[in-house]
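Quick one: the structure is below, and I'll ask about it shortly.
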Amino acid sequence: MIKLDRVGKTLGRTRVLSDFSLCVEKGKITCIIGPSGCGKTTLLQLMAGLEQPDTGRITGTEEARVSYVFQEPRLLLWKTVAQNIAFVLQDVVTPARRQELIKEYLSMVGLYEYRDSYPKALSGGMKQRLALCRAFAYPHDFLLMDEPFKSLDTPLRLGLVRQVARIWQANPQTVVLVTHDIMDALLLGHRVIVLSARPAAILDDIRIDVPLAQRNVVQEPLPGYHARMLAVLEAENKKSFPNL
Amino acid sequence: MKSSSSLTRGLAPLFGLVIFIALWQVASGFYNHVILPSPSEVARSVASLTIDGRLWEHARQSIIRGLTGFGLAVAAGVPLGLLIGVSPLLSNIFRPLVVTLQVVPLISWLLLAMIWLGFSQVPAFVVFVTTLPLITINTVQGVKNIDLQLMQMSVVFRISRPRVFREIYLPQVLPYLLAGVSTALGTTWKAVAMAEFLSVSQGIGARMALARINLETADLFAWTFILIGLGLITDRLLTYLVDKRLRHWM
Amino acid sequence: KDANVKKQAAAAPEKIVVQAPLAPPTAPLYKILKDGQVNGVKVELIVYKSVEEATTRVVKGEADLTVLPVNVAAKLYNKQADISLANVSTWGILSLVTTDKQVQNWQDLKGKELYVGAQGSTPDVLTQYFIHKNNIQASEVKLAYLSSPEIAQLMINGIVKYAVLPEPQTTQVLMKNSEAVVARDFYTDWQAFEGGAARLPQAGMVVRNEFARTYPKALSDFQNAYKNAMEWTVASPAEAAPLVESNMSMPAAVFVKSMERTHLTFATGAQAKGDVNTYLARLLDISPEMVGGKLPDEKFFLTD
Amino acid sequence: MKSSSSLTRGLAPLFGLVIFIALWQVASGFYNHVILPSPSEVARSVASLTIDGRLWEHARQSIIRGLTGFGLAVAAGVPLGLLIGVSPLLSNIFRPLVVTLQVVPLISWLLLAMIWLGFSQVPAFVVFVTTLPLITINTVQGVKNIDLQLMQMSVVFRISRPRVFREIYLPQVLPYLLAGVSTALGTTWKAVAMAEFLSVSQGIGARMALARINLETADLFAWTFILIGLGLITDRLLTYLVDKRLRHWM
Amino acid sequence: MIKLDRVGKTLGRTRVLSDFSLCVEKGKITCIIGPSGCGKTTLLQLMAGLEQPDTGRITGTEEARVSYVFQEPRLLLWKTVAQNIAFVLQDVVTPARRQELIKEYLSMVGLYEYRDSYPKALSGGMKQRLALCRAFAYPHDFLLMDEPFKSLDTPLRLGLVRQVARIWQANPQTVVLVTHDIMDALLLGHRVIVLSARPAAILDDIRIDVPLAQRNVVQEPLPGYHARMLAVLEAENKKSFPNL
């Protein structure tokens, strides 16, 4: 269990988090949804240990092996697609297993035929898929994802969402998923946390007990939940953008 | 931009050269040839140096000395630059050292180098102290411009320090390093000639000293052009190697 | 008995290491090298390019004999180097050269710009001496400093009109610029001021005292060989010229011509003592740093 | 990383200095002081130079000459580097020129510079030709690493060429330029001393020549340390200015 | 009218377009939707004149003043938020008008209070909004947008979509909008073009005659169209990713 206890964080002169507390349950998928600029990325960076809280404490992350899909692809331009994956695997798995993992996950995101291309020859969505692939391939106890499905068309997005669900079912890990898409949250979240505008506060904390496998994909998933989240977000948004 | 025809690529510098030689020919008419020999005199001198084997005999020594010093400077300057760039503490210790290397003029080195190293090592040593700061400072600047996002990524995926250096730092420092190597390589030939001029009796610089004492200005010019040739060849070689190796991701 | 054996073995050194610059007094050394050995002892010649290169070797004891300007020898001696003056070979190789026929005397230089080799060197100080002796104020002649070869080049092209030059640059200038003439010869002018017998001792050889003590025989053999080689060089410069041309890259014609103005005469340290003391005393008056602050004592001169 | 306490920041180089001086003191015991003066002799020499005003008298001239040459090199080198970086044609014409400047040793320049420019300009000229390539080549390398995406953006929004140069090129070239300026600034003091050493009678280099002829090695060391001081001060000044101006976006 | 006539384009060794023809109508919003990596960005770059076709011709773009929201924010890191907008306005409007435009559009995307911040202090979505704002503020006849609404939460996204519709209604320009979100396409497109996987071919070309103002936002917009597009895209996606 990852526990944020009355965490405060200021970046530059911006107070991003103030007295923020949250428990992320082990072996569950927690989705975070909230207005642009509210502090979601900052939250993930804190959990990953990339930033230190100014006040308060974060516990439960010490031992965990973390994998992270950053909001930007963060690829090594001087390595090929396959080498970008190999880069994170090199010290943790055997060479043979590495080749297997690369093949398996690159195929999953549809990039295996591009394994020898350099990132500059990839489209925006392909870069995003490569970043996703890297995080999945890396052995981890704890997966952080910052808008992993952006720049992907709807069927591919849904396909990858279903894939994540399947991977999780085979091996239930702790996952924190930041997304702007309510559908993603409803398809994957055991729990969805809706944040307010900066400084982030928890507006709504929704537990969804429907098993992942039973969530309907083609139709709007879980209509009641969807409307509820949309309503919360819309009200919050009205405050910041009264004219839109 | 790469598609400009290879014809114009070849012609442009040729054209500049022709103008330059014409101007020089005219100018040499105004001065005694001891001050400014004509292009043909210099050409004759280059030819005779080449034919009687002196060119290669002395150039070879200068090249060996130059490349020794330059090689050592690259080998020492890159790690030094990485360390200075990474650690403010090491930066405080080593940066003054680098500035010192850079600021101390040849004559001051000469004295110390002669005591420590003996004469024959002086040119290589001079090249080393002259080019090391060029490489180090460029490396430092490269490290300062490392992408922090990639650093974070490496931290999350627990990449070991040596690998971060090799696979994250080096490739990003490379363009800066190339600038350093490029300036250092040119400076190498100047430094080796200067050091030979002052300290030894073999090599291009030593022959320049001799030509100067004997007022053989055409020879002095000839050796200067040989140096320029050396500089241009190594510069082209570097550009070629870089293009070949690094084209795909830059 | 042991000491005796040692002495016997020590009577002949393995080789004699001689240091010399690329300058006229080195020519006889090439003659010695060509002849091979001095009484069975090999001679190794190191050509040095700068005075500090030479002094470094002297102080570190890496050369047995070193050709040096006399004042530098005195300076080193005064700074506790363990050496003494073995001989003096070069007596004036400086001239006042001009392309201006009007200038024939030091007095005529008033208001002119006179080019002199390195500031603080012998040419500079001797020039100051003559200016002073001719009752010219230091401010009346503007001294400009540049290395001798460069001054020569500028003079050949008529850019520099008045210069103090050593050999062989003087000869080169005279050969390449027909306008140029020697206005004053430093050697003669020195005699004019210091008395007819006075000679101008500019360069000689210092010996490492340790070497002189251990191998007196080898040293005196060398001195003789050097003396003979020098006399041969002076007597038949045309025969020496090819040696100089191949070893010092100096055109034969230049060398032969320049020997006319180069006063090469061998004198042992003891023989030169009077002249050297006069010379150093004058330098001391003008610029104490040039001789190391004081006149060297008796031990400076190697006893025969 | 910036938070390492200012105490250790100050102490680290001091510590190095103390070790260095101790070693030097020991070494100076082995040699005649003509070859290696002791630290105290050198300190005495620095003190006497400072007290009798010679330090400032000569340093002032060297500083003026150095900054003149350096300033001109920056003023000419940056545009030249931008042009070479942008146009393969100009690169073909000017790159050999830059290499030439870089490779031709001082003694080859000396005579021509004296004839063309006169005596007193030689040191500034030498600094110019020595530092220009450092600045130019770094600028070229900077231009080669310009972000093409931003170039496309400027094309779409029809930004004029001069503005693209000023607002897109320059800021991106800046880190490279800083590396060039930093190395050039150090080299400036060396070059000015070297040129003064060979050609004039005033300035730090000229005094070094005098000290050398008089075998006043302590003075030679003293002037060398004054040069090092000059180098360190200007290096710090540069670092300070850069930090102050550019912190917010780098 | 912008006309692509049998255009072929190869990038590196990848054949992205082959014999591709399309007419973009003047004064209408054309949406382009299609699988990741199919060539949408390449298409926009060709229309903007940033790439030249290898074969075929592109006409109708010569005179137009183009504005472009790139797939990446492409901001100048050394300029503040306001200066990034001023950068493109400087030579085309008076200083007074420039200030007005900056204020108007920065307020619209909710960044006016950040006008003096540097881009590195912005979150991912804020950078995206700044890029959007720059393209809107720049006077143009022809607007190209490559996934302009990504990294934005649903209400903000819908708000901005509505804003684009309003701006277009006030001043109908030629707009080409690349998006992965079917909702965006249905809310804004007079015509939606669905592309196949690489090399891109037109799978479906849907004209939607419902006026923009009447399209419903909160409910799923235009149910019939939505299902039709999703079906086309899913079929296409199945070919590339049979296992998802």
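Note that the chains are named A, B, C, D and E in the order they appear, and that numbering of residues resets to 1 at the start of each chain.
The working rule: a contact is a pair of C-beta atoms (placed from the backbone, for glycine too) under 8 Å apart; a residue touches a chain by one contact, two chains touch by 3 or more.
Bear in mind the structure is a predicted one, so any value in this text is a computation, not a measurement.
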Steps needed, at minimum, to go from chain A to chain D via contacts: 2
Fewest hops from chain B to chain E - one hop per pair of touching chains: 2
Farthest-lying chain, centroid of Cα atoms versus that of chain E: C
By number of C-beta contact pairs, the top two chains: B-D
Longest centre-to-centre distance from chain A, chain (CA-based): C
Rounded Å distance, chain C centre to chain E centre (Cα mean): 86
Separation of mean Cα positions, chain C and chain A [Å, integer]: 85
Inter-chain centre distance, chain A versus chain B - centres from mean C-alpha coordinates, in Å: 50
Rounded Å distance, chain B centre to chain D centre (Cα mean): 16
Contacts with 2+ other chains: residues of chain B: 31, 35, 111, 115, 197, 209, 212, 217
Chain C residues counted as touching two or more neighbouring chains: 52, 56, 60, 150, 153-154, 159
Overlap residues in chain E, where contacts from two or more other chains coincide: 72
Full enumeration of touching chain pairs: A-B, A-E, B-C, B-D, C-D, D-E
In the complex with chain D, residue positions of chain B that touch it: 1-2, 4, 8-9, 12-13, 15-16, 31, 35-36, 87-89, 92-93, 95-100, 102-108, 111-112, 115, 133-134, 137-138, 140-142, 144-145, 175-176, 178-180, 182-183, 186-187, 189-190, 193-194, 197, 205, 208-209, 212, 217, 220-221, 224, 227-228, 230-232, 235, 250
Footprint of chain D on chain C - complex, ascending: 51-52, 55-56, 59-60, 72, 75-76, 79-81, 118-121, 143-147, 150, 153-154, 159, 289-290, 292
Chain E-touching residues of chain A, taken from the complex the two chains share: 11-12, 14, 33-37, 40-41, 71-72, 107-108, 110, 117, 121-126, 128-129, 146-147, 150-157, 159-160, 162-163, 180-182, 218, 220, 230, 233-234, 236-238, 240-241, 243-244
Chain B to chain A touching residues, read off their complex: 149-150, 152-153, 155-160, 163, 167-168, 171, 248-249
Interface residues, chain A side, partner chain B - complex: 45, 48-50, 65-68, 70, 72, 74, 76-79, 87-88, 90-92, 118, 120, 138
